[in-house]
Amino acid sequence: MIIQKRNKITKVHWLLLLPLLICVSTPLVAAQSGTSANPFDTTLIVPDTAAVAAEPVTDLTVADHRYDHGEKLDLTWVPSADDPPVGGTVVGYRVYRIADGSEPVLVAELPPGTNHHTDEGTSADSSYVYFVTSVTTSAEYESARTEAIVPNVEWLNFDKKYLFLLALIVGGSVVIFIETARRGKKLFVRKIAGLEAVDDAVGRATEMGRPILFIPGILDMDDVQTLAGLTILGRISRVIADYDTRIFMPVSRSLVMTAGRETIKAAYQTAGRPDKYSDDMVTYVTDEQFGYVAAVDGIMVREKPATVFLLGAFFAESLILAETGNYIGAIQIAGTARPAQLPFFIAACDFTLIGEELFAASAYLSNEPKALGSLKGQDVGKAIAMAVIILGVVAVTIGEAWQVGIMNDLTDILRAIFSTM
Amino acid sequence: MANIGIIISLVIIFGGLLALLIRSVKSKEVDRRVIFLFIFVAVAAPILFPVTFSEKASPVVKAIFNKVESLPAGSKVLLSFDFDPAMAPEVQPMANAISRHCLYKGHKVIFMSLWATGQALLTQSLQDFILPGFPEKRNAVDWVNIGYKAGNEGVLNVIITDFRKMFPTDVNTVPLDSIKIFDDIKSCKDLDLVVSIGGGKPGPKEWILFVGDPGNVPIGVGTAAVVAPQLYPYYPAQVVGILGGVKGAAEYEYTLKETHSRFADMDTPGLRMMGPQTLAHVVIMSFIIIGNIIYIAGRRREKKRR
Amino acid sequence: MKRQIPLFITFFVGALLIFSVFIPPMESAGENFTLFFDIIAVFAFFLGGGNLLRVHITKLKRRKQDWPFSIVTIAGFAFMLTVGIFKIGNPGGIAASVTADGSWFQEVFNYVLTPLQSTMYALLAFFVASASYRAFRAKNREATILLIAAFIILLGRTPFGLMVTSWVPESLSVLQIPNLAIWIMNSPNLAGQRAIIIGIGLGVVSMSLRLILGVERTYLGDDSG
Amino acid sequence: MDHLAVWVAAFLTLGIISFLYKDNPWYKLSEAIFVGISAGYWFVTLFWDNIYGKFWVGKGEDPMLWVGAALGVLMLLRLIPKIGWISRWPLAFIVGCTAGLYLINYLSSNMMRQVQGTILPFFSSQFGSGFDATAYTIVGNIVVAVGTFTGLVYFFFSKEHKGAFGGTARVGIFFIMLTFGASFGYTVMSRMSLLIGRVDFLFFDWLGMIK
């Protein structure tokens, strides 16, 4: 690695002498540069006996990049006079950076016709000078150097002001509603069919004397769907502890195993049955997607659980698991936020929590005012989305159909606010 | 032999389905293992005894076919293989079929790729599938492979004004200036048709946005099945036609075989793969119908009992 | 204290990461997390792998049902660990990549794991059929819509889709089954997906806030609410 | 070697497929092999990539790596029951990070971008001149806007699905069901391709070899 770097520097250093050498001995340089200074791709080299000349680029300027922490600088220039759309001698440009007066370093090779570049390798505590060379098939020609510049560090990214605003409104209303609920105001939340069924599903397992199987998806703790699955697990295992039913949870990630154990243990403690809890309720199988599925399928047909929960992030295995669960006659409650897998759960499970309902489930099951309050906050976000869709569609339709300027302005504003950058 | 095999299998499949259909009126559920067996036979039989269904080309496929068909001999067509080995099973068949069609019609064909891994695939499919059928076609005169250049849509931005800037030479480092096809081609605007085959980025969409629209060049696209719906909004204003997945390839192959006797014995991987697909789809649809009959019959019975 | 410290950690890092999006010098915080996470996951595997071994050894010791298969699992696990960590049967020796061509490790991946994976995956072909047989029944209005949409799409992917509707005039070609299938994928399907996706986005916001604010804390071994 | 490999692959392939009939020792054996081998495979790759690759080859230069390692060690304290509760710290850390990261990500990419994409004109002078294309686009855009709006109404939690609101929610659920039916049907083909691949292997690579 280190050796490579050094090589590069010496090569570049040597290249800088090229223009000078050309004056002295043109044929020699042409032959040399053909072998050692390799402009981009080998296919580009057209053997040539004389050095091909080109004008350097002009008006090279460097400016600070907006909203970075000093790691970027923007360069602009006017392309070489020998780089017209057709038939120029320039085959590309090279950008060189000189940091704090040290040796120039090649930072980019660009195709012809380019007039700008963003260097992403700077830091805020150095000063930089740049120059650009026009590369022909046999040599390169240096431009004037820029003024020295020290990159600025910005502390706030104002490009993301609308994102911040929306996060503030949506997040703020969640917090406000949680606070309202904490003060004791009653909040209404409609019934969610799949969640109404949880108690019955657990009760059924108790009656039948069969275990309950809980699958938290196949992703790790760094996915929010797994977290949603685990929070629901917390609520469900409270009920399970009360009913004194067996729960079994094979997992495909070690961290989920640890978190799953903590969750169930806590639920049993709260229910006053810590003696009933055992680490064997949660077991690790394998990280491999289909290896895990093979094992869970085996568990399903052998243990014949009465109730199966599939709550978390699922991929192609969704239907394999759900069909096997259906085959053994288990009541199945599934939920995922992966739209591609929802159809399969809808087809094979008794109840399916569709996307948002998965995240709302633990709040709903807890029946705690605070948690329910957060669902209200979500609805504010939905109301905003709905209002913007109506407003936007009306504005853009009127604006485009009848060329109404003010409506077009409104559309542009809405699109700008909801653009993610 | 193959014919007898497939006839027996078809009789078994459809006879079985009919029997189940009759049984379903009595509202008797089908064991899922029976369904599994049907699926297995429906997939395995056409693989063992290759069977092809007639694939009438849908308008979007027909449109590309007709475009290639109607261009006068000597027209300049560019085919871009914008895919990698992972995508190849789905789009390679259509790439082969279109390439053959273009060569057969006497078009001057330029092959290229926007994907680094596509160049090897392109060179190989030219060698193995496409060129062996056309020994009379000469490199640089009837076709040329200019290979891959890095830069994604940047490549397109350059070749819309000048090929030689991006591709000074073809894959064998022969300068474009000494390649006959390029005598009167300066940029993409001089082409009579561009077909981009791929499914990712850069791919068909980039060709439409960076070459088709600005240069007013007719663009045809071939793509993986999952991507196809996203390209439909561009039809017919911005693209000539769309081949979607193996099915699109099968339709193209079928039309090609029907239209030109030269291709009667052509290898048709698309059609071959559609055999098991079609049968499996038919089996699933039959079972949906059977399931509904069972449900309706069962409900009637319950009513009667009351 | 046992409960307060974890709650504080969650709150602190959660809030920090939210604000880091808007503060350029902190932009790399998210990437750092991925780095942390990968390392923690490896350490956690000692717990997971240990658990796997413990479960199967217990099964073996107590001669529980199907115990002979536990020997196979333990043997397979141990084999992969030794072959992989000590690079046994690797033509390049200990210096080569563990997945070098021709190494035992890679051979087992190619000839044992790959066929197992793809066959398990292929089972979906069967389950797709049995699920559609059972689920696509016109039990109520919603189920009927599900059924019709699925049927049109299925039909559109066979040659019969075009045959059935070939009488439709060219000016109304949108109504031909294959085109109708495409239209369904593009318009109503897109609308449904959008509603679901927007809902998910808001659900995540609310769920994340509950976690960060400590309203949701079951995973921390504290359910006292 | 090749012969043996194909036989092993075929043996395991059939073992898995046999599960479709019912659970049996052949499947159990394939399953046991699958679980043992794959768990080992994952650990070995994780080890070489993350521990060896980052701490040995990369010399652990990034101080952040050591923070990760420290958290990992805390995780292992679970094994000591007395101070096992400390292992909640790395868990709390991971949960906090995940929640913080996803909040903004999902808000921008799921909610904002999708809302923006729905702002489409019902009618515009810019649409294609042909009647067909125009009608197609108009109907398409109306359906997208109406479907998205009613779908959101369905997800609304604060109001019972009754009256006009309930009716709108019903339209929403229709759209969602249509979506599910369509995506289900659309996936069948790719699922069949997987089976075709396996059957191909059995017939040609394995049985073809016997011939």
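By written order: A, B, C and D. Residues from 1 in each chain.
We take it that contacts are C-beta pairs under 8 Å (C-beta built on N, C-alpha and C of every residue); 3 or more make two chains touch, one makes a residue touch a chain.
Treat the numbers as computed from the prediction; the structure is a model and nothing was measured.
The chain closest to the protein's centre is D, with centres computed as averages of CA atoms. The chain pair with more C-beta contacts between its two chains, of B-C and C-D, is C-D. Centre-to-centre, using mean CA coordinates, subunit B is 30 Å away from subunit C.
With each centre defined as the average position of its C-alpha atoms, the distance from subunit C to subunit D rounds to 4 Å. Separating the CA-averaged centres of subunit A and subunit D is a span of 14 Å. Here the spacing of subunit A and subunit B, counted between their Cα centres, is 32 Å. Those residues of subunit A in touch with two or more other chains are numbered 163, 167, 170-171, 221-222, 224, 227, 255, 258-259, 262, 285-286, 288, 290-291, 294, 302, 339, 342, 344, 346-347, 354-357, 360, 375, 378, 381-382, 385. Across the assembly, subunit D contributes 16, 19-20, 28, 30-31, 34-35, 37-39, 41-42, 75, 78, 88, 91, 94-95, 97-99, 102-104, 106-107, 109, 111-112, 115, 118, 140, 145, 148-149, 152, 155, 176-177, 179-181, 183-184, 186-189, 192, 195 as residues in contact with two or more other chains. Within subunit C, contacts with two or more other chains are made by residues 18, 21, 33, 37, 40-41, 44-47, 49, 52, 66, 113, 116, 120-121, 123-126, 128, 130, 132, 134, 136, 146-147, 150-151, 154, 157, 173, 183, 185-186, 189, 193, 196-202, 204-205, 207-209, 211, 219-221.
Within the complex, the subunit A residues that touch subunit B are 41, 43-44, 46, 85-86, 91, 111-113, 327. Listing the residues of subunit A that touch subunit D in their complex gives 163, 166-167, 170-171, 187-190, 192, 221-224, 227, 255, 258-259, 262, 285-288, 290-291, 294-295, 297-298, 301-302, 339-340, 342-344, 346-347, 354-357, 360, 375-376, 378-379, 381-382, 385-386, 388-390, 392-393, 395-397, 399-401, 403, 411, 414-415, 418-420. Taken together, the subunit C residues at the contact with subunit D in this complex read 2, 5-7, 9-18, 20-21, 30, 32-33, 35-47, 49, 52, 66, 69-70, 72-81, 84-85, 98-99, 105, 107-116, 118-126, 128, 132, 136, 141-143, 145-154, 157, 171, 173-174, 181, 183-202, 204-205, 207-209, 211-212, 219-221. Those residues of subunit D whose C-beta lies close enough to touch subunit C in the complex are 5, 8-10, 12-13, 16-17, 19-20, 28-51, 54, 62, 64-65, 67-69, 71-73, 75-76, 78-79, 85, 88-104, 106-107, 109-112, 114-115, 117-118, 132, 136, 139-140, 143-152, 154-155, 172-189, 191-192, 194-195, 197-198, 201. On the subunit B side of its complex with subunit C, the touching residues are 30, 32, 35-36, 38-40, 43, 53-56, 58-59, 228-230, 232-233, 247, 277-278, 280-285, 287-288, 290-292, 295-296.
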